[in-house]
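Lettered A, B, C, D and E in written order, each chain numbered from 1.
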Amino acid sequence: MSVALQTFDLCKSFGGITATDHVDFTLAKGARHALIGPNGAGKTTFVNLLTGVLRPSSGRVELKGEDITAVSREARVGRGLARTFQINQLFGTMTPVEMIALVTSERLGRGRQLLRALDRDAELVAETAEILARFRLDDIMDERIATLPYGKQRQIEIAAAFAAKPSVLLLDEPAAGVPEAERRELMAMVAGLPEDVSVLLIEHDMDLVFRFATRITVLVNGHVLAEGDPDEVARDPAVRAAYLGEHAHG
Amino acid sequence: MSEGSIEARVQRSLYAARRWHPAEIMFWLLAVAAFFLLPRQLLILNEIAILGLFAVSLDLILGYAGIVSLGHAAFFGFGAYAAGLFAKHASADPLAGLAVGMGAAGLLGLLTSPLILRGSDLTRLMVTLGVALILGELANSLGWLTGGADGLQGIMMGSVLGLFEFDIFGKVAYLYSLAVLFVLFVLARRIVGSPFGLSLRAIRDNPLRASASGVPLHWRLVAVYTLAAAYAGAAGALLAQTTQFVSLDVLAFHRSADLMLVLIIGGAGYLYGGLIGAVAFKLLQDVIASFTPQYWMFWIGLFLVLFVLGGRELIHGGIKAVVGRVARLGRRSPT
Amino acid sequence: AQDAVKIGLILPMTGPFASTGRQIAAAANLYIQEKGATVAGKKIELILKDDTGTADVTRRIAQELIVNDKVTAIAGFGLTPLALATAPLATQAKTPMVVMAAATAIITERSPFVVRTSQVVPQIGAPFGTWIAKQGTKRVITIVSDYGPGHDVESSFSEAFKAGGGQVENIRVPLQNPDFSPFLQRVADAKPEALLVFVPSGVGAQFMKQFVERGLDKSGIKLIGTGDLTDDDILNGMGDIALGVITAQHYSASHDSPENKAFVEGFKKANPGMRPNFMAVGGYDGMHALYEGLKKTKGEGGEALVTAMKGMSWTSPRGPISIDPETRDIIQNVYIRKVERVNGELYNQEFETIPNVKDPTKAKK
Amino acid sequence: MAELLTVERLSAGYGEAQVLFDIDLSLAEGRSLALLGRNGVGKTTLVNSIIGVTRRRGGRITLAGQDITAASPEQRAHAGIGWVPQERNIFKSLTVLENLTAVAKPGPWTTERVFSMFPRLAERKANLGNQLSGGEQQMLAIGRALMLNPKLLLLDEPTEGLAPIIVEELLRALKRLVREEGLSAIVIEQHARKILELTDEAIVLERGRVVFAAGSAELLADPSRLERHLGLAAA
Amino acid sequence: MLTILFDGVAYGMILFVLACGLSVTMGLMNFINLAHGAFAMFGGYVTVLAMQRLGLPFLWALPAAFLVAAAAGLVLERLVYRPMYAKSHLDQVMFSIGLVFMAVAGADYLMGSSQQFVQLPAWLSGRFDLAGIGVGRYRLFIILLCGALAFAMQWGFTRTRFGSRLRAAVDDARVARGLGIPVNRLFALTFAFGSGLAGLGGALGIELMGLDPTFSLKFMIYFLIVVTVGGTSTISGPFFAAMLLGVADVAGKYLVPQLGAFIIYALMVVLLITRPHGLFARGRA
C-alpha cells in the first residue's frame, strides 16, 4: 500500500482548546476514506491543517512522502491536494465558466500570463467545458454565482475541487444542504473518480458514509478514537456512545 | 467544435469579456473628436486624460484585486518627480521621461507592496496613506533635489517624437496624453482579460478559495501593485511633462482622496469607470467652480450624497440605455 | 469684444487658505467699486477663479484664462508654488502677472512679466532681525512652519539678527501640527530672550494660546513674529493673550493715514464682519497698479503694461510704496508694531517705521 | 383547537423576483409541520416570509389571532416567533453566551436550559461566534431561537451538519416540546422520511406553490407521492 | 521629561475624544463615517455661538455641544444615513465625504472662513507645578474628563446587553431583526451618541486645535489613524492607540524635531504592519 497523505503527531490548539491532539493519520493511495466524529471534534480543523489554511502548533504533514508542513496553500494545490469547504467558498461575482476556468488555468500554470486571451487557449477551454458538462452546470454557466440557488452553488463548490484534478481530494460535508434524492448522485460522482485518486470524506450523513467508505477514522476531542473498516467502526461501542447513537448500521 | 457544443459556448463566454463593444469604440472616437470639437477645453481635457489614466491605475488594484488605497498619489507623485528630474537633468525627450516615471514608480510599488499584503481594508487604506504622507514629507525635506515647497522648476520639455512641440493651447499636450492613455488602457484591458486578470478577480472575491485553487496570492498582488504603481507613475509623468512643473501637491492626500471619488463615481472593476468618473468629476468641479468659486464644494458634496442615495441607479440606467442603443446601431451598421 | 479689459483673478477660495482669497477678492472688488469699472474707455471685467490649492490646476486655469478668455492680465496667487507654476506661462504668453499675496523672494525672478504688490518675506524678516538685535536682544529662537515662506522668514531674520550680533536657534514644525507642546517645551528649556514665530495665519492664535498656557509669557520670553502671527483678520478674536506681541509688517488696519481710514471704512462697509488685513491691501494695490498701468497703455496689455507698472509709485493705505523698476518687486515701509487694545478692539499699533525697504536678497545681487 | 398561525394567499420574493405564489397554510397550537420540497423551490423563502425578512407582494399572516401582516420582523419576534435561519447566521462578534442573552426574553428557556440541551455549547461559552465549528453554530442557532421563548419555532434545516447522536436527541427534544409544552414548529428538512415520522402535518412546495398538504403519516405512507414530489425512491 | 509625558497624554486624550465618536460609528456600527469631523466642527461652532451669543459659560456650553450634535446626528440618521448602512464601504466613504464637503462650504457660508476662538474660564487656564511637572489645567481637565468617558464607554459597549445587542445588529441586521432586536432604534441611539461625542470633542478641541471650516477635513486623517491603529472592535483599543500616538508624537518632536512630521505616520505604518487588525484585536487566531 502506498501512502498519499500522512500526518505525524499533528497538534493544533486555539488558546486553551486543543482542536487537534497528536494525530497520526494515514491516507492510502486510492483510498475511499471517511473521517467522522462529533461536532467540534476537530475534523474541519484537521482539513485546514492538511491544506495549509491553519499552521499546526506542532507535528508534520507529508504528501506523497514529502514534508509539506511549511509549504504554502497554493503550492499544495499545485502538488495535487484539493478540497471543498464546509461552508461554500465561491467567487460570487464570477460566472461558473469563469470560476472553473480560473481553477483550470492555475492548474495549467497559466496564471502568470499577462497578455494571453483566455478564449484563445484551447486546452483551457476544453478542460473547463469538460468539468461544466460533468457537473451539469452548462445551462447556468453564464449566470452570476451569487444569484444561483444553494444547491447549484454546492455543486460548483465541488466542481471547483474536481477542476484542480487532484490526486488527493478532501471533502468537508459535501452533502450539507443537498436534498436526499441528489446526495447519491453526488457521491456517485466522487466514487467515479479515477482509482488512483485518494479521497477523504467528512460527513454526518451515515448512509452516505457507510455506502462510500472502505475505511473510517473517528475523531473525538481532537484525537483519533477509532479507525478501521466500516463494520468494525460501526460495532465499536465507544464510537456508538460518542457519535453514532442508535444509528442502525452494522 | 460544433456551434452548440459546450466547448464552443465556453469559448464564446470567455471571448465575450474581451470583445470590443461598439460603445467602447464610440467612447474613444469621442475622445478624439473632442480635440476638434472643443478647442477651448483642451487643457482641461488633458487634465481629464491624466486623471483618467491615474484612475485606471487605481481600478487595477481596487476594482480587480480588491486592494483599497488612500495613498495612490505616492506613485503619481513619484512618477511626476522622476520624470521632472529626468527632464531637468538628463534628457528632455518626453517618451524617455515617461518610461523613467513609470519605471521609478513601478519600483516604488514593488518595494512597498509587502505592506499591503496583510490586513483589512481599513489597515490598507491607512498604510497606503501613511506611505504617501511620508513620501510627501520626504519630498518637502529634500529641498535641494525636489525644490521643496517651492516646487520643481525649470523643466523644459522637448518635442514629442522630435516632431510636436508642446503649445500653449494644449493641443499637443492633450493628444500626447490621450495617446499614452489609450495605449496603456488597451494594455490594461488585455491584462485584465488574461488568466492573470482572472486570478486577480478571484483574490478579490474570495482569497481563501483563491489560494485553495492554487493562486499564489502574494505574488499576484505584488505584481498587480507594481503594475498599477507604474501606471500611476505614467500619469504623474504626463502631468509633469505637460505642465512642466512639479509641486508637493502631487503627493498630497487630497489627490488620493479625489481619485477614490472619481473611481467610485464611475464604478470600479471595468476600467472605463475611472475614465467616466474623471470626465464627470472634473467637468462638474470646473463648471460649478466657475459659477461659485467660493462654495463649489457644497454642490460637489451634494452631488456625491445624492449620487450614493439613489442617483447612481438613475445615471447608470441612463448610460445603459444609451449604450444599448449604440450597441444596436453598431450591430446593424456592418450589415 | 475689444472694449472690455479682462483680468483673471486666481485665488485660494476654498481650503485652509480660503481667508486669503476672501480678503483679496473683497479688496479687489472694493477698488473697482470705488474707482469705477472703466479704464481708458474700456470696461474692466474681473474673472474670479478658485485655485483649489493645487499647482497644476492653477496653471491650467491661468492658461485657460489666457487662451480662452483672452485676459489682459492675471492676478492673485495666494501661495508660492502656485505662482511659480504659472510664471513660465506668463513669459510664454507675454501676459502680465500681478502677484497679490505669495511672498517668496524668487517669484519675480521667474518671469519678466511678474509684478508684485504684496510683500517679500525677507523684506520684513531682515529689517526685523536687525531691529531686534538693535534692541539689545541677544538670544532668539525661531519656530517656523516647515514650508517655503517659513524657511524664508527663518533665514532672512536669522541672518540679519546674527549680523547684528545676536545668537539664534532654529526649529521647524510640520505644517499640519495641532500640538505645539514639544516645541514649546524646548523653548522653555532653552529660555531665550525672544521667540520668533511664523506659522500659517490662523494657526498663530493656537500657538499663542499654548504659549500662554505654558506660562512662557510670564517667564520673560518675548513673543515676536512677522505680521502673519497677529493677522488683522482674526486678531480681535484672540483675546488678551495677544496683547503686547511685537511684530513687523508692512500693513496694519490701524495705520494712521487718511488713505487707510477710507480704505478700512469702505472695506468694512462692503464686507460686514471683516477687517482688512495685509492680504487685502495687496489685492487693493494690485488693482491700483493695473488700473494706472492700463491708463498709461490705453488698455494695452503685454510688455507695455509691465513697463507701465515698473517704477510706479503711490500712496497706498499702507503708506508710500513703489514698484522697483529693476526687480518689479514692491518697495515699501516696514513697521514695527505692538498689539494693543484700542476702543475695545485689538490692533497692531505701529510705533516705529523702517522706510523704503527693498527686497534685501535681490538688493545683494 | 386554536389556530396559532394562518397564512393566506401569501406571495413574496426578493427584490424584483417573485418566489412564492398564493401560499395558504395554517397551524394549530401544539402542532408541528414539515415543510418539504426540492432545492430552490422556496422553502426558506416561506419561512423567511413568516418572520418578515422578504418582500411581501400580497396575502395575509395572522399569529394567535393577531394580524401581523404589516408588522416588522422584530414585532413578529416579540409576538412569539423563534427563528433558526438556514445559514445559521451566528452573531460572529458576540460570544456564545452573548449570542444567547442578546435575544433573550423571560420564560422557561434560560441559558442553563440551553446549555443542558447542548453541553457542547457550555464548554464554548466564552468563544466568539466565528470560532465555532459548523455543528456548534447550528446548536447555537437553535438555542438562540429558544431563548426567545417563542410560541412558534421556525426551523430551517436544523439538523444539517449535526452529528447523528445530536440529531436524534434534537428531534426527540423537539417532539417533547411540541407534545408537552404546547410549542408549535415548522421544520424544513432534507431527510423527508425522518422528519415525517416526527411531525403532525406536512406540506410540499414546488416552484413556489403548495402542491401537497396533509397529515405527515399520510404522505409517509404514499410512496408514489414521495417519489413524485421529492424524488425519493421507495426505501 | 515628565512634563513631556504629561503633554503627550493630554494630546492623546484630545485625539481620543475627537476619535472616539468615530470608533463608535465605525468600530461598533461598522459604518465608515468620514463626516465625523463635520459633527465635531458643528459641536465646536455650537460652543462658540453659545458662549458668544448666549453668553453661556464654557462648562454649560460643553453639554450643549454634545446635545445639539447628538440631535443633529439623530435627525440626519433618520433622513439620510439609514439607507447607507447596507451599502458598501466605498459608497459610505463617498457619501460621508460628500457631507463633509457640504459642511465645509456651509460653515464657510454661515460662519466665515476665519478662525474662531473661545475664552476659557480662569480656573481652566494656566498651569501649576506638581512635583516638578508642569501641569496645564485645561489639559488636566481633558485628561480627567476623557479618561472617565473612555472608561464608561468601554464598560457600556462591551459589558452591557445594549452593547451585545448593538454588535449583533451590526453583525447581521436582517437576522437580528428576525430575532427581535430593535435594530433601527439601536442604530439611531448609537449614531446620535457618536455624533454627540464628536460634538463634545469639537467643543473641547477648539482651545487646542482651533476651529475653522476646514476643521473637518484637516483632522480627518488623525481620527482615522487613531481608530485604525486602535482597531475597531473595542473602545480601549483606540484609547491606548491615542495615548501611544500622542506620547510618541510629542516626545519625538521634542527629542528629534527634525523628524517631527514623520514620527506619527511612520509609527502608524509600523503598528499597522505588525498588528494589522489593531492593537487589541478581539478573537483572531
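Just so it is clear, a residue touches a chain if its C-beta (ideal position, glycine included) is under 8 Å from a C-beta of that chain, and two chains touch if they have at least 3 such contacts.
Treat the numbers as computed from the prediction; the structure is a model and nothing was measured.
Student: Just to be sure I understand: going only through chains that touch, what's the smallest number of steps from chain A to chain B?
Tutor: 1
Student: Considering only chains that satisfy the touch condition with chain B, which of them also satisfy it with chain E?
Tutor: Output, common partners of chain B and chain E: C.
Student: So, comparing C-alpha centroids, which chain is the farthest one from chain E?
Tutor: A
Student: In whole angstrom, how far does the Cα centroid of chain B sit from the Cα centroid of chain D?
Tutor: Here the centre of chain D sits 50 Å away from the centre of chain B.
Student: For chain C and chain D, what's the span in angstrom between their mean Cα positions?
Tutor: 75
Student: Where the CA atoms of chain A average out and where those of chain C average out, how many Å apart are those spots?
Tutor: Computed value for the inter-centroid distance: 73 Å.
Student: I'd like the Å distance between the centres of chain A and chain E, where a centre is the mean of that chain's Cα atoms.
Tutor: Distance between chain centres: 47 Å.
Student: Among all residues of chain C, which ones touch two or more of the remaining chains?
Tutor: Counting only residues that touch two or more other chains, chain C contributes 14, 18, 22, 146, 174.
Student: Could you list the positions in chain D whose residues touch two or more of the other chains?
Tutor: 131
Student: Name the residues of chain B that each touch 2 or more other chains.
Tutor: If we look for residues of chain B contacting two or more partner chains, we find 137, 140, 294, 296-297.
Student: Going by the touch definition at the top, which pairs of chains touch each other?
Tutor: A-B, A-D, B-C, B-E, C-E, D-E
Student: If we count contacts the way the header does, which residues on chain E are in touch with chain B in the complex?
Tutor: Result: residues 80, 83-84, 87, 89-91, 93-95, 97-106, 108-109, 221, 224-225, 228-229, 232, 261-262, 265-266, 268-269, 272-273, 276-277 of chain E touch chain B.
Student: Inside the complex, what are the residues of chain B that reach chain C?
Tutor: Contacts found on chain B: 40, 43-44, 46-47, 137, 140-141, 143, 148-151, 153, 168-170, 239, 243-250, 252, 254-255, 289-290, 293-294, 296-297.
Student: Which residues, counting only chain C, touch chain B once they are in their complex?
Tutor: 11, 13-14, 18, 21-22, 48-50, 52-57, 59-60, 63-64, 66-68, 80-82, 84-85, 88-89, 92-93, 104, 106, 110, 146-148, 151, 174
Student: Taking the touch rule as given, give the residues of chain C at its contact with chain E in the complex, in rising order.
Tutor: Touch residues, chain C against chain E: 14-16, 18-19, 22, 146, 171-179, 181-183, 185-186, 188, 202-203, 205-206, 209-210, 212-215, 233-234, 237-239, 273-274.
Student: What residues of chain D sit close enough to touch chain E in their complex?
Tutor: Touch residues, chain D against chain E: 48, 51-53, 72-74, 76-78, 82-83, 85, 89, 91-94, 98-99, 101-103, 105, 128-131, 144-145, 148.
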